[in-house]
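One structure, as structure tokens, below. Some questions next.
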Amino acid sequence: MAEERFEPKIVAFLCNWCSYRAADLAGTARIKYQPNVRMIRVMCSGRVDPTFVLKALSLGADGVMIAGCHPGECHYLEQNYKAMRRFSMLRHSLRALGIEDERVRLQWASAAEGVQLAKAINEMVDQVRALGPLNWPSNWSEDVDAAIERIAEEHTEAMEVPA
Amino acid sequence: MAKPSFSDEIANLLHAGHGNPLRTCIQCGTCSGTCPVVEYMDHTPRRIIGMIRANLKDEVLASNTYWYCASCYHCTVRCPAQIDIAETMYALKRYSIWKHVHQEGLVGPVFSETFVKTILRSGRSFEPILATSYLFSSGARELIQEAFMGTKMMLKGRMPVLPPRIKRLDNFKRMVSRVIPLEADS
Amino acid sequence: MTKKGKLALYWAASCGGCEIAVLGIDDKILKVAEAFDIVFWPCVMDGKVRSIEKMEDKSIDLCLFNGAIRTSEQEYMARLLRQKSKVLVAFGSCAHEGCIPGLGNVASREEIFQTAYHDTPSTDNPEGIRPQPETEVDEGILYLPIFYDTVKTLDQCVEVEYYLPGCPPEPERIWDAIVAILEGKLPAPGSVIGAETTVCDECPRKREEKRIKEFKRTWEIIPDPEICLLEQGLVCCGIATRAGCGALCPTVGSPCIGCYGPNEGVEDFGARMMTALASVIDSEDPEEIDRIIREGIPDPIGTFYRFSLAASQLRRTALTTGGEDQAAASA
Amino acid sequence: MSEKVGVYICHCGTNIAGVVDVEEVAKWAGENLEDVAVSREYKFMCSSLGQELIEDDIKNEGLTRVVVAACSPHLHEKTFRRACSNAGLNPYLCQMASIREQVSWVVEDNEAATEKAKAMIAGAVNRVKLHEELEPNLVPVNPNTLVVGGGIAGIQASLELADAGYPVYLVEREPSIGGHMAQFDKTFPTLDCAACILTPKMSDVGAHPNINMLTYCEVEEVSGYVGSFNVRIKKKAKYVDEEKCTGCGICIEKCPKKVLDNVFEVGMGYRKSIDRPFPQAVPNIPVIDTESCTYFQRGKCKACEIFCPTGAIDFEQQDSYLDLDVGNIILTTGYDLFDCKAMPQYGYGRLANVFTSLEFERMCNASGPTEGKIVLRDGVTEPKSVVIIHCVGSRDENHNPYCSAICCMSALKFGHLVMEKTDAEVTSCYIDIRTTQKGYEEFYNRLLEEGMNFIRGKVAEVTDAARLPGEEDKLIVQVEDTLLGIQRRIPVDMVILMAALEPRADAKDVGLQFGISCSMEGWFTERHPKLDPVATMTDGIFIAGAAQGPKDIPATISQGAAAAARVQGMISVGEVSIEPVVATIHEENCSGCRICNTLCPFNAIEYLEDKEVSYINAALCKGCGTCVAACPAQAITGAHYSNEQIFAEIEGLLYDVISGNGAKAPRVEREPVPA
Amino acid sequence: MKEFAYFPGCSLEKVGLSYHLSTVETTRKLGVDLKELEDWNCCGATTYFHVDELLAYTLCARNLAMAEKDNLDLVAPCSACYKNSYFTNKHLKEDPDLAEHINYALEEDNLNFSGQIEVKHLIEVFVHDVGLEEIRNNVSMPLEGLRVAPYYGCQILRPRKDHEDVEQAEFFEDLLSAIGAEPIPYPLKLKCCGGSLILSSREAALSMVRNLLQNAEDNGAEVIATACPMCQVNLECYQQQVNQEFGTRFSVPVVYFTQLMGLALGIPAKKLGIGKEIVAATPLAPYAR
């Protein structure tokens, strides 16, 4: 049997008008892509709050994709430019936190670009797979209960001996 | 794995175009309408593209079309599907040289190989060697004409007498061998 | 008033400023003393942990806990006081969201020890001694608390009833909170006691629509005294920081650095700053945008998470070195 | 109170069930997801039986939330919302998970597909529990309509509305309505004379009591929202008093200044400094062109003023402004013709006898510069041979990738006209002949019968470099006859370029002004390419005609009428419901930082100076959520896309990861320390 | 003063010696400093690409890398050298994988391509970097009355598409006007001369040469000016064979534009290599010093 391959979990935010429709199109056209990406529909890439991305990563996602209409083609005229700026800011901070660029991706996909979206998803999944699991919560999960218990025991012992 | 089709093979040879496929050709004929040498070709450039797409490998390789292409790039700049036709012609030349299949009696392939060998030997080109070595394989009439002109040009000081060389030839050869295996004689 | 309540105050990883802030309520401290018996306040009066351990559960009415959790001992104290107190208040930014001690989360224990016990110029440690959780001496084994890789907030260790934000909390707000507690007019458990809007609300500066072409550092400009600092290019966290301080910093021309923490309902302070600032950058060219951000905000963590890194969604930078040694040794 | 969620998983025949193990997923959802009261799978959820299933469960099981895992919400969200509504559940308490388009159709491995479907459903269930009941907002609709662009599309739309009894303002930026159609001689495929069918319509517009025709005007500013837009119109000075002018034309006759007409006559003819574009212009009022007028340029002349019998000339006239209130807007701004100079290989502008299609139209037109005679640039010589080149600037990645849709038919029309009016031989060089509408292929057949020649091949170049005998003093068209596989050089006297239709040069600006978007090329984007071709993403703004994409007159008219019908529908209902997916600022949390103020492209966000807080006008908000994501105080919430709902969805999507690492949330409760 | 890395190319060493000489003279006169690449190699004309694409890129990249070392833009007077260098530069800049591959080979010669510089054709340097105004100001012997057919050839313009004028260039005419000559319009000015076919497909090439000469002559050209040694050899040296083959009587001098410029700038004819022609450049005599 083949060795078990790491299957990253990626959350994707798709804007209702372009990229979600691109995903629809990829579906209708039966374009196969890797199943690792789980989609959330938002009205616009401009709705994507950096907190969503941080939340997904802190909950254990290995990567996050934000997809929207091409610059200049936003259904809300120009809101994807805001997404672009926030993405730039977020990436700047994520770098400082030690998260690789490939894990968070901004992807433009028009409603006609099912193929391109599928390609981008495949590419991202491959990149994240190559990086390995992010498993962010492990960064802070220290097992310290034993140490605290020992302090408690020590104190109990000390109390038993009358001062 | 399935063997790549002929059209895939040709697409893969178009490195700079990232294998820009010929699939988007709409067979409009702009290329052939443009081509200045089309009357000498046995198939028009458009047909060659159509034939590649139809995987008519033997017919394509047997054609003289790609050896007649003058690399004028006029078709390339005009193609409405942005296909680099001239580059495709190069790809066919390469393919046929590698596979040693091309129409009998064509001068082009011999010339190309000789030319490249010269450069790999010296780093620079040297017209007399080139002309003579290729002329062994072509007719006497051209030989006389070429010798006639060569002498004339030599008299005018326009033909080199000694072959030029570059200085760091060793480095150069090693560099080349990192890209393609050098033949023993070079 | 029939029976006096019992009050405990404790400090964990903190600077002591919060303790001073408590004293900042001035003569009102007497009213506090009227209402409460202070059973534990290590900073001010002698007391024994043991006596707390012996107390009945929930016998302390109010515990004001300041400081973040950096060591196992602090976590032990947090658990202990939790168990003994009816109402546990995360007092001040450190307990609330990690504050400056929480910025230690940009490094690992290993890196911190390396700096503190080896690399600083003033260190004289020829034998390279480092604190160890366990040391064998002739008398037996000596234990030291474990120094965590990751600083935690109080509520990451134990359940907390209320939060009092600020570095330190303003004395007026402390008094307001105490009054609320005394009068039993408390919000739902889990709430922050404070305003529900941000510093801009209290800031007297004039505001226009915001469009930022360039971020400036404080030493680069002498800000106009009337106009919003952010509009002058200074990264002012007043937009995202909970009101309560009276806009102390921006009023005197210094941009807000965010000590009062995020507004009600916000999950990540830094994200709010990032998104707000990025939204109003005045460019549509990705390279230009990158440049403005890179040059204007060289230290995004220090800028956006100065007080809240430990409480943020990601809590810390990726842990590359250090890790298991101490915890493993103690187990 | 916990919610009772119903989960419905659709097989979509085998579309979903063929890949996703729907039984397993339904069982899993029922057993593992919190608050799920009912979990079912069914063959076709969108069928009436499928919908009944939901309705029954809502009634009988008391469901408070519904999740349908089926196709894309773009397809059936409305269907399932309606089902909920029918059963008395607020429609916004329903959520779909797209397990067809995003799972079964795109995932190869059945197991992986089933896993992904579970995650998507977990996300939807988590989210739907936080949904809120929403009610659409109702606003009244002003019965006035603004139509921008007086081509055939705008004319049709205006007449439909006016005939139905509603007031229309028709704004046209040129001095006369009529658009491109007014320039033509005949129209394919029936070859009716363009003027014969257009002029009556134009005069109807001019005379209609319900139409207020505003020619030589431009829209300056637009604000407001569906039902009540406010529009500011700039009336450019005509220097002729419209009230006094009778259209006698004496001024035109007397004006001494003749200039090349680059607009209506596309450079083929001349006009006076005071003139109307063409004799049948509506309104029949001339306009002074200050750029060329002797008086405006040199301060002397005034011939027109002197001769005008009614004293209508007014050199002092200024631009003026008009403010209108309208309920709906129809944009019918049409197209521009591709600039053939961008393809120098065809010689336009260099080789005299290369004409553009529009030039040729003017030449054929009996009232045009040559009075309908087909002649070479010298104005007298009749061509003996003509080549028509198709796809000039169309179907060409170097210029416009799309097909311009009308030029094949126009080329056939031209072929017919040339052969009708001259003895010339006509050859069309084409890539494909596209004659897809009713009667079009028949027209092609007719031209074949009439003897027009066809060569399949895109022309490579047109040159005057003679090489072979017979080429001297001719234009040589070099082309591959692709059906024969040979290159041909065809010597001819005249070449006609079938230039592409392009979006108006200012289309993107106009789009921005009205808050609608354009395709990459610049065509106005419709709400749905198949199902809603005349509406746009902005409610109350409709599009019709060639502004939406290249099309012929029948299609243009249909769209004009369709847009008008849509507007009539809005007016007759009298009020319009606005999607409740809008953003709201919570005043008590807003600090008045003004970060959000610049962010809304629909100007929905205002700053209230007195309260020092920002405010969102729900009627203007389109619900994009950008401001919601931006507010640093988190004072803005977005209905149906709140942070909590999205967080919940993220948690659901990652259900399998979260349970794996025990870090459900950063805040952890611990057991008390033992005493 | 403007400085460029100069890549003369093999042809200029001998066949196109007069191009080299006149280039050196004219640039010097106009204050352009050409620094010859110290150990350049052949660009391979078009034939490399017949044999191996990567090899072709490698050889061109070696020259580019040497120019990068000096941090100078590369200028080539030969159209083939220019086109090969230009596209190698472009493709390598756009495709980091390709660049990595090529750099692996360049390591052997201690070179590295990083995409720092631009590649220009000599005529571009005159038209854009020096500027027509500057040239006009330096003309001491305007070539008044000399009817010149500017011959662009292929590869200055094609396959580059970012020139807005690939189909209808005018800059050669502008340059000729600037030195006082009279550029004659003739439709085939951008057509291929068949240069790369002359050895391999002579029949085709000769017919292309004939068409060009015919078109230039029909339109009244006294001389043809070229900007490429290949074109020059092709159009000039094969005239006799064209005459034999087609029974024509062409005798049109074909000179380098730099030679014409040199004369106009008052440089002695000898220094410009005038006199090395096979078809004597008699129409230039009145302007020669």
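Order of writing sets the chain letters: A, B, C, D and E. Residues in each chain are counted from 1.
The criterion applied here is as follows: a contact is a pair of C-beta atoms (placed from the backbone, for glycine too) under 8 Å apart; a residue touches a chain by one contact, two chains touch by 3 or more.
All values derive from a computational prediction rather than experimental measurement.
Work out which chains are contact partners of both chain B and chain D.
For chain B paired with chain D, the chains in contact with each are E, in label order.
Could you let me know which interface, C-D or A-C, is made of more C-beta pairs in contact?
Pair with the higher count of C-beta contacts: A-C.
Report the inter-centroid distance (CA atoms only) between chain A and chain B in whole Å.
About 50 Å separates the centre of chain A from that of chain B.
What whole-Å value do you get for the distance between chain A and chain E if each is reduced to the mean of its CA atoms?
Between these chains, centre-to-centre, one finds 54 Å.
Return the distance between the CA-based centres of chain A and chain D, expressed in whole Å.
35
Two or more other chains in contact with one residue: find those residues in chain A.
In chain A, 49, 51, 55, 58, 78, 82, 86, 138, 148, 152 touch at least two other chains.
Do you know which chain C residues sit against two or more other chains?
In chain C, 53, 76, 79, 267, 272, 275, 279, 313, 315 touch at least two other chains.
By residue number and range, which residues of chain D touch two or more other chains?
Where chain D meets two or more other chains at a single residue, that happens at 345, 398, 599, 626, 629-630, 643, 647, 666, 673.
Which chains touch which?
A-C, A-D, B-D, B-E, C-D, D-E
Quick one: which bits of chain E touch chain B in the complex? Just the residue numbers, please.
Within the complex, chain E touches chain B at residues 10, 13-17, 38-42, 44-55, 58-59, 62, 87, 91, 95, 98, 102, 104-110, 154-155, 158-159, 161, 166-167, 191-192, 194-197, 199-205, 208, 237, 241, 276-278.
With touch defined as at the start, can you tell me which chain E residues reach chain D in the complex?
Per the touch definition, chain E meets chain D at residues 161, 165, 167-168, 186-188, 211, 214-215.
Which residues of chain C touch chain A in their complex?
49-50, 53-54, 72-73, 75-76, 79, 133, 143, 145-146, 148-150, 152, 267-268, 270-272, 274-275, 277-279, 281, 283-284, 286, 289-290, 293-294, 297, 299-301, 304, 312-320, 327, 330-331
Which chain C residues qualify as touching chain D in the complex?
53, 57, 76, 79-80, 82-83, 155-159, 196-201, 207-211, 228, 230, 238-240, 243, 262-267, 272-273, 275-276, 279-280, 311, 313, 315
Mind pulling up the chain D residues that touch chain C in the complex?
Going by the criterion above, the answer is residues 588-599, 607, 612, 626, 629-635, 643, 647, 666-670, 672-673, 675.
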